[in-house]
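Take a look at these structures.
In the two assemblies presented below, chain A is common to both, partnered first by chain B and then by chain C.
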Partner chain A sequence: MTAAAAPRSLILAGVGGQGVLLASNVVAQVCLDAGLDVKKSEVHGMSQRGGTVVSHIRFGPTVHSVTVEPHTADWVVAFEWAEGLRCLGLLGPGGTAFISRERWVPPSALDDRRGGHVAYPLDQVVPEQVVPVDTFTIAAEAAAAKAAVAQTVMLGVLSRQLEFPADAWTAAIERWAPAKSVPDNLLAFERGRRWEAPRAGTLPRVAPAPAVGPPAEPPPAPVVTIEAAWCKGCEICVAVCPERCLVMDAHDIAVFAHPERCTGCRLCSWLCPDLAIDVAAAAAAPVPA
Partner chain B sequence: MTSAAPAATLLSGNEAIALGALHAGVRVATGYPGTPSTEVLEQLARIAPASVHVDWAPNEKVALDVGVGASLGGARVLVTMKHVGLNVAMDSLMTSPLMGVGAGLVVLCADDPGMHSSQNEQDSRLLARFAGVPLFEPADSQEAYEFIQTALQLSEEWDTPCILRTTTRTSHARSRVVPGPAADVSPRPFVRQARKYVMLPAHARVRHLAQLERLPRLQALVETHPAAREEMGDRAVGVVASGMAYQYVREVLPTASVLKLGITFPLPVERIRRFAGAVRRLLVVEELEPYLEDEIRGLGLAVEGKRWFPRAGELSPELVRQGLQAAGVLEAPPAAAAAPALALRPRPPVLCAGCSHATPFLVLRELGAVVHGDIGCYTLAATEPLAAMDTCLAMGSSIGMAVGMARAGSPGRPVVATIGDSTFFHSGMAALLEAVYSRADITVVILDNGVTAMTGGQPTPGSGSDLRGQAAPRASIPDICRALGVATVMVVDPYDLGATRRALRAAVRQRGVSVVVTSRACVEAPVKNRGRVYTVAAARCDGCQLCMNLGCPALLWDQARTEPPRRVWIDPQLCSGCTVCAQLCPQEAIGPVVAPEPEPVGAAGPS
Partner chain C sequence: MNTEKRLLRPDMMPHMLCPGCGHGIVFEAMLRVLDRRFATLDQVVFVAGIGCSSRIVGYIDAGTLHTTHGRPLTFATGLKMARPELTVIVVTGDGDGLSIGGNHLIHAARRNVDLTCLLFNNEVYGMTGGQAAPTTVRGAYTSTTPGGNRETPFDAARLAEAAGATFVARAQSYRPQLFEGILEQALDHRGFAFLEVLTDCTEYFGRTNRLGTGVDLLQSQSRAEPAIGVDLAARPTLRPVAETAVRPTLPMGVFHQSRRPTLAEALGVGGGGDELAR
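Take a look at the complex of A and B:
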């Protein structure tokens, strides 16, 4: 087996709904039309619901495995920043990752409601192999600046790395994209194909982050006082507390059970019909009862 | 290559099975949706002429019964399901080989090693052996295309149903397929033979002997069948493999000798013996259970398998490589310097923006109910922030489990079952009958969104249309519940938070069985439902984050304010206009985007 006969491997990654499957069908079609053996694989199912989607594509004279081994991919092409970084473990030593700077922050990254920290990769230094691509800026000059087709820019960028002719890509896009979005997709593809990556060494190694915010120090916990004698056990505060800090005790009296989760929103205080709850903004030291 | 060579196309395993079934003259195809099997019938409905019956059945057992009937009636049949669906069809499957077939009958059973979208990862090969049904395992789309045709042909010749077993990878991976010509299959008439087709004990005893007598003949045929092949190379190690495991072996161990099996029940025993004799060390690489390994060991051959390769989860080239390194077949690589890992939060699947399943679970959590869940998109309500599901076992189990828990006693907490419309039709109706009959104090919430949403929006008996989009009788869930004897049946719009609260509160206070049907079309299927986009008035939002408890992916934090408490921002690209967050907001800070817009809604996403 010569090195030339070894299949080459490409990872396409993104978030469910970004069109990863469409893009991977286009790439595989281009390989097939070039007379190569090609296999591609991804997992459908629950990943459609806003989860991660990763497509493995392998092509060459003969291909056996449908999945790519870690540290062997020639290219990683990602439509979303965090999903691109997630796939870097699949990238081989000589490989390149083209990662869109588009960010889809998942709801689960916003669970630090008290501290306001966004658990999403923002400012970290990325390896030399990563080429960030401003998908929307590249597409923006054209009508192609629609979310639905902006990711096709990435296929244009990828097409420069592979030896297939441009019209093979055009034909594959025409075959796989929904008919009404073909012109926009082709435009986005052209923009990506014409895009010049910044010369090595001049790339900003830190992706410019939007003002999503630094991991702030969590503010001191608010002080919530419940006047037990005034509580008649209506449970309104328990039902309404967004952080589910309050519970009813054995005597049907509201208890502030989870002070660590309280954001100090005061909903309980405002809605208590008996004015039994007081929320004080983080006192320097709690007042002894 | 000549110009006359048929063009290669790129097909998923499921698409290849559909094409193969069409080319083999299948006239009846049915099944129940389940990842990773769903696309077979969807593709067949697209490519088959109207004369081919393609439709969904309410569950897998009904599908197989339809299939057996059609087969006896002389039509070639394909029945599709996922691995856990085979359990539902198992009653009919176990007896069907005693009965035999009229025309070819193949059950496609798609296993899900690694549980990408399933509640277990059972190995259906063991069930095929248990039922004594011939088993085909394709390793790529070309084989999927060919094996479905072979299986239908041999089903007729051998007078038995056959199982075509795929895995998630073989079903969903795309690879080259060069199709052949379509067969010309003439229909066979139904032949009345009560001793073969009526499974009275007296008949079944005879038929069981006939089945046992058939197995050695089947095995003799498998010995020479081209579905198996020896790929002889270096004889130091010989590997027996089938399905996707074969591809991984060839990838990782290109020079070894491999016995590639296509039919894995019955096994070509003499070929395995000859192969074992030709190599110095015999290994089996297979996903999930040690099925081939145990069978080969039972032949008295020295064989290694699960000692080196994992029994749980999906195989991969790297796991096969690691196993071969552990076994000393491959040299272990020098320890590589570990790359600095980037701390990345996983991105779990979530309910869609505007999902009609969110409010019932929000209310059930407020009510402190013990909630028995079921199989569907709404199982995602088990995770934060809804976190309102206590159990989930199998299709249709929620209602029976709720009956059981009510029997065991649940002081102070209402017992609730939540079940989707498609799952209710699948296996919830009999359980609801049990709840009524046993006078259990439970509330059943039927989440009716009109489709089987989890698998991509397939129609159900309640949709009013069939797989091909033709009008079909529409089953009414409230009418079914009343007919089963439920006295209190309430129907609410889950987009109306107040009505949903009132209905659920009233329902859990009742004695006996109460049903609340939350009725609202799925926001994504069969058509995308989009209303007016909503927005947050930043000046009014005080950051209480009550709306964030919906888990709606369109609700994010406003970039304009980075210190806590964070204000909420609605992504206009994702908002479906369901209005539920606006109903939740205590500050009335959320309202529709006021038209006309000075500029088009920006495409810049959350950044």
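Take a look at the complex of A and C:
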């Protein structure tokens, strides 16, 4: 088999809901329309819950195996920063990874549910082969910064790496994207295709600070008030509060004991059978006289 | 104070429901829906029968009819015919609506009376002392089934659909947000909208079957996502029964929606001034 006939390997990665599978359908469609053999396989079991979605795509004159072996991928295209880093082990020595700087933080990575501080690999040193892509900024210029649409920017970036004509990509997007989002998707694709990656050597080796950082101070706590006279002490609120803010006092009345932990999720109020709990948004900071 | 509480009769609170009773959760969720939909409840009438669920209408600052046992749908039918412009919501329970008032339920569904029927299903007669209801699952202990229930329960939603209800849905107290969404659809529906809500009776059903506290009962609703289900036989504290006692896993959501003439349309009364039509 000649080198030109060797299949090429692409990894598409992201979080459930970002459109990884749709994007992989588009790529596969483009390859099929070009007369190539394509195989693709996805891992998407937890996609509905914000879990990892990875799609392996291999294409060429003849493709036998669908799985991209470690260190063999020609491209890794990731819609989410941590998911992209996670897939770098699949990237081959000569390959390039285009990783969106968008981040979807899994709840388990939140150190502080109220302040929003996260243990998350944002400041990790970026390997030479990684090209960070600010999908939202690029898509926002096209006024198409919807979460799923923004990721089409990545397809535009990828399209520059492949020999297929732009028409083939737009046709595939029109075929696979939901009809109402086709114009936005095409716009985002066009923006991504025109985007110039920073030249090698000029890239910052550390991912820049996230656009949305942890706030300097935790926001003011929501105000939970409990009508003690209505509380019958069933303890449902204590059991359902994810942050364990509520406790029962000596008289079996629920007490909002840990306001500093409250995220304002309202579960206690919704599930209180006695209508005894009110959750109000955080009180505005007092204005100095 | 949360805005839905403006709809309460504050002098009536706290309500009489037992600690941990699922009815209160559904009640507050219902108030939130009403709070979003109505500036005032002047044109909304609640009609209830007898039972724990039916008692909740006494806490709403709307037009309320607390009627005889099993007959809320008959009162509501008459009310809707006389005052078609009113939004009529019937609150009933599984005993009230399926046993004593079972015949009225199927005929209100058959006639497609334009109202919303909320049936709180806690699988037992709570108010009168925990007797077996038509919805009590096989094997469950109640004060009238000390050896475990040998009868097969109704599936209230399927019953209503078979009887001709044009909107049939089921929700549960564990997911008040799901309930709110379905209730919104039921109120939007023109015709007989039947919404069964699974809730928990802590003091009779829960205690007699040793299912734990209100917390345990509520959380047990979550175990068979997305369907509700408590496997009574799987509880180690449960007394053994010959027949497997299972609170069947029941699907949630809107099962059936169709359009056919309402009773008022069939009789040519009322015109188009109907709150539910909008």
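Simple rule for what comes next: the second predicted complex is superposed on the first by the 201 of 289 C-alpha atoms of A that agree within 3 Å, B and C clash if a C-alpha of one lies under 4 Å from a C-alpha of the other, contacts with A are read in each partner's own complex, and residues count from 1 in each chain.
Keep this in mind: a residue touches a chain if its C-beta (ideal position, glycine included) is under 8 Å from a C-beta of that chain, and two chains touch if they have at least 3 such contacts.
Every value quoted in this text rests on a predicted model; they were computed, and no experiment measured them.
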item	value
Contacts of A:I236 with chain B and chain C, given as first, second, both or neither	second
Touching partner for A:V66 - first (chain B), second (chain C), both, neither	first
Partner chain in contact with A:S41 - chain B first, chain C second, else both or neither	first
Partner chain in contact with A:L88 - chain B first, chain C second, else both or neither	first
Touched partner set for A:P198, first chain B, second chain C, both or neither	neither
In the superposition, chain B vs chain C on chain A residues touched	B
Chain B versus chain C as contact partner of A:P165, first or second or both or neither	neither
Contacts of A:P259 with chain B and chain C, given as first, second, both or neither	neither
First (chain B), second (chain C), both or neither touched by A:D278	second
Contacts of A:V15 with chain B and chain C, given as first, second, both or neither	first
Chain A residues contacted in one complex by chain B, in the other by chain C	239-240, 270-271
Footprint of chain A on chain B - complex, ascending	1, 8-10, 35-36, 116-117, 140, 168-169, 172-176, 244, 247-248, 250-252, 254, 316-318, 321, 336, 339, 342-352, 366, 377, 380, 384-385, 454-456, 542-546, 548-549, 551-553, 555-557, 559-560, 562-566, 573, 586, 603-607
Contact set on chain A toward chain B in their complex	1, 15-16, 25, 28-29, 32, 35, 37-52, 63-67, 69-71, 82-83, 85-86, 88-89, 101-111, 113-116, 118-121, 124, 126-127, 136, 145-147, 150, 210-214, 216, 218-219, 239-240, 242-243, 263-267, 270-271
Touching residues (chain side chain C, partner chain A) in the complex	1-2, 5, 8, 13-15, 17-25, 27-29, 31, 174, 176-177, 202, 213-215, 218-219
Residues of chain A that touch chain C when the two form their complex	225, 227, 229-230, 232-236, 238-240, 269-276, 278-280
